[in-house]
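In the two complexes that follow, chain A is the common piece, with chain B as its partner first and chain C second.
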Partner chain A sequence: MTHGLTDAQFLNKVASFLGPYYIVLAVMNGLAALYLWRTGLGRTWLRLPLVGIPVTSAFLCLALGVFYAMLAPAAASGNGAWMPSMPEAWREAINRGTGPVIYSVGTVALLAVLFAFRRFFVQPAVAWIIWNAMLLFLGLSMTDRDFYEIVAKPDNVPIVMLVLLLAFFTWVATYRAVINDERAARGEPPLESLDNDKVLVWPDLVYIELICMIGLTAFLIFWAIALPAPLEEPASSVKTPNPSKAPWYFLGLQEMLVYFDPWMAGVVLPSLIVVGLMAIPYIDFNKAGNGYYTINQRKFAYLVFQFGFLEMWITLIVLGTLLRGPNWNFFGPYEYWDAHKVEALNNVNLSQYFWQGLLGRSLPTAPSGSSFGTQLSYILLREAPGILLTLGYFIALPPIMAITVFRRYFQRMGLIRFMLMANLLLFMASLPIKMVLRWVFNLKYIIAIPEYFLNF
Partner chain B sequence: MPLGDTIRESQIWKSIFRHPMPVDRRNRIVVMLTNFFLHLHPVSIRKQGIALSYTWCMGGVTFFLFLVETVTGVLLMFYYRPTVEWAYTDIQALRDVTSLGILREIHRWGAHAMVITVWLHMYRVFLTGSYKPPREFNWVIGVILLLLTLLLSFTGYLLPWDQLAVWAITVGSNMARATPVLGHEGPLQQLLSVGGVDMITNASDARFALLGAREVGEETLNRFYILHCIAIPLGVSLLLAIHFWRVRKDGGISGPL
Partner chain C sequence: MADKKKMSVAEMLAAARRADSKQGGLGDSATDGNADAPAEPSVPAAAAEAAPAKRPAAPAKPAVKPGGARPSVADMLAMARAGKAAAPAAEAAPAAPAEKPAPKPKPAAAVKSAAPAVAEAAPARDTASILAAARKKDKPGPISKAEAAAASTSATAVLEKPKVVAPPMPTKPAYAKPKPAPAVKAAPVEARRDFFGSAMAAGFWLLGGVSALWTLLTVKFMFPNVLREPPSKFKVGFPDAFPAGQVQEKFKAQYGIWVVNTEYNGQPQIFALKSVCTHLGCTPNWLEAEQKYKCPCHGSGFYKDGINFEGPAPRPLERYAIRIADDGQIEVDKSRTFQEEMGAWEDPASFIPV
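What follows is the complex of A and B.
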């Protein structure tokens, strides 16, 4: 996309985006300051000594807006020395510090911290700082050519929007859930039952709908004019692009191919995602939390869904789209997508660990020319450890769950519903388990029967 | 009489709109009951049920995007020819020479936006527990609609017939090759062999059914075009109608009991 551009031409191209970008950020903070000032919301953080001017939230927003307004002309200059950028040392550190393991474990840890301290993070002042930090990070990183190359690729732009929208809406939902949970602790009804007056749909709802439609149309037209839709070279069946990627919304599935064979990553697990989603209302017997935001009243359902959606769907898509380059190797956000980057792949099957590592023998192999039955027996013998482990996982574990950690659930749900839930949970957990086994033991397959394309 | 009143008093106007202008309380109720496009709505609604901080408006936005996609899609169909010979050049011409070629940009970005908004809609419905009784089945319909949205986007992805399109569909549909039992490289596909003859080959498996050929080619383009323009939108339209109807029948927009 920026191929054939000199560095100066590239910076000019970015500058034409970054100038308006920082102005938008300045206006955003200015409007926030105006809102805080007019409504009297926010608080006084401290009083400046000597002059005695109170430093309020509105004042800080205004200061932030002025800061962005000063960045705007520098960023629009197109001069590398002036444009605000991420320091080279930081970029190096981020590149070196990231990898599939750090990324996956890091996002889980981040979400866990956000969840555990949600009462701190949902405070508007804190959320506003995080929001600004995210946008500033994006702006500062755009001057990096490799970063720009992946983020500004037309088909990747929706993912940037998705991440920002999800951050915003997750904040909205958590903010309200925290308030509702505090209210519930005091014995008060949720926010949603406060204003229970009925209003007429004309005009109160139809006007909202009309404004939404007009706004959305304007936004789409603006987007269509500002950013041409992707159109690459004409299709050629001989020129395989590297990397070859599915559409972005399926890249979580493609990322699973690192850990599973296509029949699992591309067929079984996606089907189970759909089945599992449909089964949610029939599994979740908890009557609380119907029609209002809450976390405490449905913590288990909340955590399972958030782990599945935010961690195993969204962050895998972000990983697959933005950080997976040629040969599906991992590349840091500021790293050049070098097609010749070689990563040692030295993965071992469980059967090899068992027969060769543990027992010090060779893998059981049927004598050549033996009958079908003999061959099958040898395969089953060879893979016995993995098969037993897998059967134990899917068959023995649910009853154990039912009489231990999930005893209360089992009593409420009955056998069939509980078994459905247990198996869906186990399938869902199979991905992180497989990831950890790969990272720690270089484990390739638990069951490896390439003779029948049955690798698990 | 002012011109506006003359028009509104005319026989033509009255024959089209079955209600007077909704300027007073009575007629604001009448308009909701007698206008086809408005009768999807209830007459009155709880204030919290329409608060943007509660609903995020994402279901409505998704439906509106579906309408945008339908209108721009129909207009694009007048121009675009789904053949290997013409597909790419038609899209290229839409970008470079055709007036209103921007319709293609709107269609493409609208499709991406629709995928995002339908996820956000599901996210909101989950976080407010709105799938709980009596709305369980409407959630199921919603999941199918979400899946169909992804398939609409996936089938449309192929139509520009550029490198991005063909290889994305190749990568995506390669998965079908590994379908258990029904894919020719899937586990247990040997089960379906009769007298030593494989029933499941690369010319009869799940991937072949999807592509209409062994590789992504002319037949695939045709197949995806029809799925994209006719088959899936018909299914979506039917399910949308049921989805909306069930929202009303299951007690309107969710809220605390």
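What follows is the complex of A and C.
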């Protein structure tokens, strides 16, 4: 996209975007300040010692807006020295910090912290700061050529929108849930039951829908004109683009395919995702939370779903977009996509670890020319450790769960429903387990029977 | 004879009319009792009496609510309801006896025919009575014959229990008398059946034949005469064009193969690798600098001899059949593949020893 542009030309190109971008941010903060000032919301943080001017939320928003307004002309200048950009050291640190292990563990830890301290993070002031930090991070990173290549690619623009929108909506839901949980602790009804005015379908709802329809259509037309879909060379069965990325909503699936056999990651697990989502109403015995936001009243359901959605789907989409480059290698977001980057990924099957590593002997192999039965038994012997491990995981673990951590759930749900839930949970957990095993031990397959296309 | 049978619509109407003319006097007294239920369709006078009877009831209500020059809609409805209050009693009672003559009796059917008559008799009316009249009809608009008959019969039933007097059947006119069955000959029927039968059979045979032909043609369509694929057997050149340690990439674009001259199990050989990843079927690239095949889709990597070593690919790349043709050139046959994990690379057809 920026091929053949000199650095100055590239910066000019980015500047034409960044100038208006910072102005939009300034206006956003100005409007927030206006809103806070008119409604009297927000609070006074401190009083300036000499002049005695109170520093209110509105004042801070205005200051932030002025800051962006000052950044805007510098960003629009197109001069590398003037344009606000991420310091080189930070970029290096981020590049180093986005290896697979740090990225995956880091996102899990981040979500855990956000969840544990949700009461702090959902405060509008804190959320506003985070929101501004996200947008500022995007603006500062855009001057980096490699980052710009990824983020400004028309295919990837929806992912940037997805991250921002998802952050916003997750905040809205969590904010309301925290309020409702506090109200419930005080014995008050949830917010949603206060606001139960009947609204007429016609004209109220239909008008809203009409306006949304028109607005969305206008937005799509603008998008289609501003960011034309990329036209690529004709498809060829003997030529695959490098890297070859799935549509953005399937990047999670593509990431799963790296760790599993195609029929597992392409057929079984996606079907289980769909079936599992459909099974939720039948598995869920918790009647609370119907028609209002809450976390405390259905913590287990909330955590499982948010982990499955945010961690197993969204962060994998972000990973596939930002961190996967040529030859499906890991690259930092500010790293040049070098097609010849060498990464040692010498993967080993569990059977090889067991027979060659642990027992120090060769894999059991059927003598050549032996019958089908002999060959099959040799294969089963070879893969016995993996098969036992997998059977233990799926058969032995649910009863253990039932008598230990999930005792109460087992009593409430009964055998069949509990087994269903336990197995769905275990299947979901198998993906992160497999990912960690791959990254840490270079483990390829736990059961590897390539002779019959059966790998797990 | 006739009363044992079901009465026709015309008979019912006739009976109803007769009954009306007999019991007309009684109807007046009945309607006077419930002012709102003028149930006499054939006597407009009764209806005309009934209508004025309601009129005083309507102004009576606004008196309760003083100050209103014009009654509000609510008032009108209240008035109408007050006027109607007595009606259900009158209507409900006759409903039960009405069941007998009417095939499908409706409780309120009695009023149905009354309303038009009322409207004719007193065209100028206040809102209350119009509403009342309208409300009396359970189904406004045109009515079917059966409903009309039911209405008229039940109208009489309002007055007293209906005595169904079966009218003497008129003598059937000549044209209505059953004609003696025409002496039909058996033969023409048989002939016609034969004719249709055979035509039908022919049609079905034709249909079946055409369907079978279509099926066959569809099957044939799967095996076209022209195959727009490169031939599965092709020559790639003399063996000395493939020096040791080289991966020849120039056949990849057209044929989807690499011709490799390298060692496998310590034995130098020339073989043809299929350029399809064994994980999910993307086309890997040969990276000369790293001496490996690398798939761009999920990162599977293969050594130069095609053995998988990184990424998710579960098994090595496949080989195509290869041999030295009679003219000394190497000939690759894509119709046969050899899989390492099945031990097929030992097959001499899968390589050319160097």
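The rule is simple: the second predicted complex is superposed on the first by the 446 of 456 C-alpha atoms of A that agree within 3 Å, B and C clash if a C-alpha of one lies under 4 Å from a C-alpha of the other, contacts with A are read in each partner's own complex, and residues count from 1 in each chain.
Just so it is clear, contacts are C-beta pairs under 8 Å (C-beta built on N, C-alpha and C of every residue); 3 or more make two chains touch, one makes a residue touch a chain.
Computed from a predicted model, the values in this text were never measured in an experiment.
K.L.:
Which partner does A:Ala63 reach: the first (chain B), the second (chain C), both, or neither?
P.N.:
It touches nothing on chain B or chain C.
K.L.:
Looking at the overlay, does A:Gly291 come into contact with chain B only (first), chain C only (second), both, or neither?
P.N.:
first
K.L.:
On the A-aligned overlay, A:Pro241 touches which partner chain: chain B = first, chain C = second, or both, or neither?
P.N.:
In the superposition, A:Pro241 contacts both chain B and chain C.
K.L.:
Would you check which partner chain A:Ile102 touches, where first means chain B only, second means chain C only, and both and neither mean what they say?
P.N.:
A:Ile102 contacts neither chain B nor chain C.
K.L.:
Is A:Tyr282 touching anything from chain B or chain C once the two structures are fitted on A? First, second, both or neither.
P.N.:
first
K.L.:
Pick one for A:Phe260: touches chain B only (first), chain C only (second), both, or neither.
P.N.:
second
K.L.:
Pick one for A:Leu5: touches chain B only (first), chain C only (second), both, or neither.
P.N.:
A:Leu5 sits against neither chain B nor chain C.
K.L.:
If you lay the two complexes on top of each other, which residues of chain A touch chain B in one and chain C in the other?
P.N.:
Chain A residues touching both partners: 236-237, 239-241, 244, 254, 261-262, 266, 453, 455.
K.L.:
Which residues, counting only chain B, touch chain A once they are in their complex?
P.N.:
22, 25, 28-29, 31-32, 38, 41-48, 50-54, 56-57, 60-61, 64-65, 68, 88, 91-92, 95, 102, 104-106, 108-110, 112-113, 115-116, 119-120, 122-124, 126-133, 135-137, 139-140, 143-144, 146-147, 150, 153-154, 157, 160-168, 170-172, 174-180, 183, 185-190, 215-216, 254-257
K.L.:
Along chain A, where are the residues that touch chain C in the complex?
P.N.:
Checking each residue of chain A against chain C gives 236-244, 254, 257-262, 266, 326-329, 339-340, 342, 344-347, 368, 444-445, 448, 450-451, 453, 455.
K.L.:
Would you pull the chain A residues touching chain B in the complex into a rising list?
P.N.:
Answer in residue numbers: 155, 158, 161-162, 165-166, 169, 172-173, 176-177, 189-206, 208-209, 212-213, 216-217, 220-221, 223-225, 227-237, 239-241, 244-247, 249-250, 253-254, 261-263, 265-268, 274, 277-278, 280-282, 284, 286-294, 298, 302, 305, 309, 449, 452-455.
K.L.:
Using the touch rule from the top, collect the residues of chain C that touch chain A in their complex.
P.N.:
252-254, 256, 275, 279-280, 282-285, 287, 289-290, 294-299, 301, 309-312, 314-315, 341-343
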